[in-house]
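Can you keep this structure in mind? I'll have questions shortly.
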Amino acid sequence: MAGATGAAPAAVSPEAFLAMGRQVLAAQPFSILLGAVLEAFEPGRCTLALPMRRELQQQHGFAHGGVLSYLADNALTYAGGSALGRPVVTSELKINYLRPAVGERLLARAEAVHAGRSQAVCRCEVFVVLADGQERLCAVAQGTIAALPERPEGASA
Amino acid sequence: MAGATGAAPAAVSPEAFLAMGRQVLAAQPFSILLGAVLEAFEPGRCTLALPMRRELQQQHGFAHGGVLSYLADNALTYAGGSALGRPVVTSELKINYLRPAVGERLLARAEAVHAGRSQAVCRCEVFVVLADGQERLCAVAQGTIAALPERPEGASA
Amino acid sequence: MAGATGAAPAAVSPEAFLAMGRQVLAAQPFSILLGAVLEAFEPGRCTLALPMRRELQQQHGFAHGGVLSYLADNALTYAGGSALGRPVVTSELKINYLRPAVGERLLARAEAVHAGRSQAVCRCEVFVVLADGQERLCAVAQGTIAALPERPEGASA
Amino acid sequence: MAGATGAAPAAVSPEAFLAMGRQVLAAQPFSILLGAVLEAFEPGRCTLALPMRRELQQQHGFAHGGVLSYLADNALTYAGGSALGRPVVTSELKINYLRPAVGERLLARAEAVHAGRSQAVCRCEVFVVLADGQERLCAVAQGTIAALPERPEGASA
């Protein structure tokens, strides 16, 4: 997600900050293919949503694990990039799947728990939203977001 | 990827085993959306391929991290499910991104390093294949695949 | 940490629950070698403390990473075992080190974020406590605790 | 394990390289407390051994999970630090426990799978050695080792 956070957070309004985040998402063909929507974005945290549809499922009608890991990857990167205030790449992440994700849409909420000079460590919770609006936690993730060096390495998203 | 490995490995030919794995992949709408191909599949190991195209990229023209994590998730599950010889779910995985994935296609090779009674621990290497056929390692993953209990939990793929 | 949580949580007082947890810790020679103290313990959460001393350091005077990962491993297992209410083993964990751990003592606070039929997923935060009592987050961990099957596998702590 | 790899690998003989690694280990009070021995060390890989004794066990007579994670942490850092050729810290690691570790001693073999400009990604296998010399894999780990910046962050070992 390199490039998401080049602007100085202090210099922009909340609305402009969210708009900037949405521009980055709109520049990611894979996020467009899946249909992700950036619902909230501020320095160090974000909410990324994804309406469920048949194409995002595995063979039993649950959201595919790869869809949950995409959401976690991207949400962690928004949280970490905006905490660092610099262009970043995702270094690594770990995800635990808790229960089958069956519902109307998915919500990934991420936040930076620590931001150093060159990297941020972030956590993410992925919920499935049922038809009645109820949210159920279906995955938790933790990962490292690295500020982009001049010669990028470990660049993923 | 529950259901991939219900058949007894010993009972089927290598060709039939691969065909069975491909049937599972063909039943995963998300794998069809991305265009994944099961190139090799035997008990405890598999190779999953994905031709690159614009829709699988992030904003800098690299494969999106979520595409690599999808490949790792699915390949780990094939390896673990076929090592256990039972229907399975992915419990958790960890992925390290090593370098930007730019090339013709992606290859995920996974194998089970240990299979117990109820779970298998697997490793996966994700390569990008350049136009000249050269392979470059771009991510490594490690995860747990759990045999499906009667009432599924942690079901992801 | 198998055996920590064989008793039914509902049947015991908070004091008896903590005493039971301390008995388990007292039965772990490695925890005695390090000097860990169970400060709080209730179903699904715990606080494990460790006074710092020279023997727990690496060559620069920080707590050794292995000390932090010991604390995370044990705290995650207390949280997961007591959430499941059954004898357990640690299946896997992931830890991110955030800053050098220099201070009077270490505190690991863990809680179960999800408990299913056969496993619990838990998170842990490890703090270093300074001489003035201030706490600084120095590591975060996430892991899976599995209920012990008849024939144990993946048994670690 | 910062400081392990400040010397240029090309400048030293294999014997001197191993001796240098052992000096670092001898400077780690926690490694002395546990009794770890650096058996092999070359750029990008190492073998770290630990004779088992009662004090390293949990309540069932297995090696404590924290002992295995200590070994993985330290072995990963030797592998990564020597691959980078610079002072390093451990950023993060993930470990899967495969089976109870019961035997004469433990062996952790680690290697760097990728070394970039500022970090290395490494893998480690931890074996228990039985009385008859047979080795059994009891844990696998994967982690990130970061070159030390001027102002250290994420310093663990």
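As written, the chains take the letters A, B, C and D, and residue 1 is the first residue of each chain.
Throughout what follows, a residue touches a chain if its C-beta (ideal position, glycine included) is under 8 Å from a C-beta of that chain, and two chains touch if they have at least 3 such contacts.
Just so you know, these numbers come straight off a predicted model, no measurement behind them.
> Centre-to-centre on C-alpha atoms, which chain is most distant from chain D?
A
> How much rotation, in degrees rounded to the nearest 5, is required to superimpose chain B onto chain C on the basis of Cα coordinates?
The superposition gives an angle of 180 degrees.
> Rounded to the nearest whole Å, what is the centre-to-centre distance of chain A and chain D, using the mean of the C-alpha atoms as each centre?
Using C-alpha averages as centres, the distance is 33 Å.
> Taking the mean of the C-alpha atoms as each chain's centre, how many Å separate chain A from chain B?
One centre to the other, that is 22 Å.
> Using the average of all C-alpha atoms in each chain as its centre, how far is it in Å between chain B and chain D?
The computed centroid separation for chain B versus chain D comes out at 29 Å.
> Give me the residues of chain C that touch two or more other chains.
In chain C, residues 91-92, 94, 96, 98-99, 116, 121, 144, 153-154 touch at least two other chains, as defined above.
> Going by the contact rule at the top, pick out the chain B residues touching chain A in the complex.
1-3, 24, 27-34, 54-60, 62-71, 73-74, 77, 89-101, 139, 152-157
> Please output the residues of chain C touching chain A within their complex, sorted ascending.
94, 96, 98-99, 113-114, 116, 121, 123, 137, 140, 142, 144
> Where on chain B does chain C make contact in their complex?
On the chain B side, the touching residues are 91-92, 94, 116-119, 121, 144, 146, 149, 151, 153-154.
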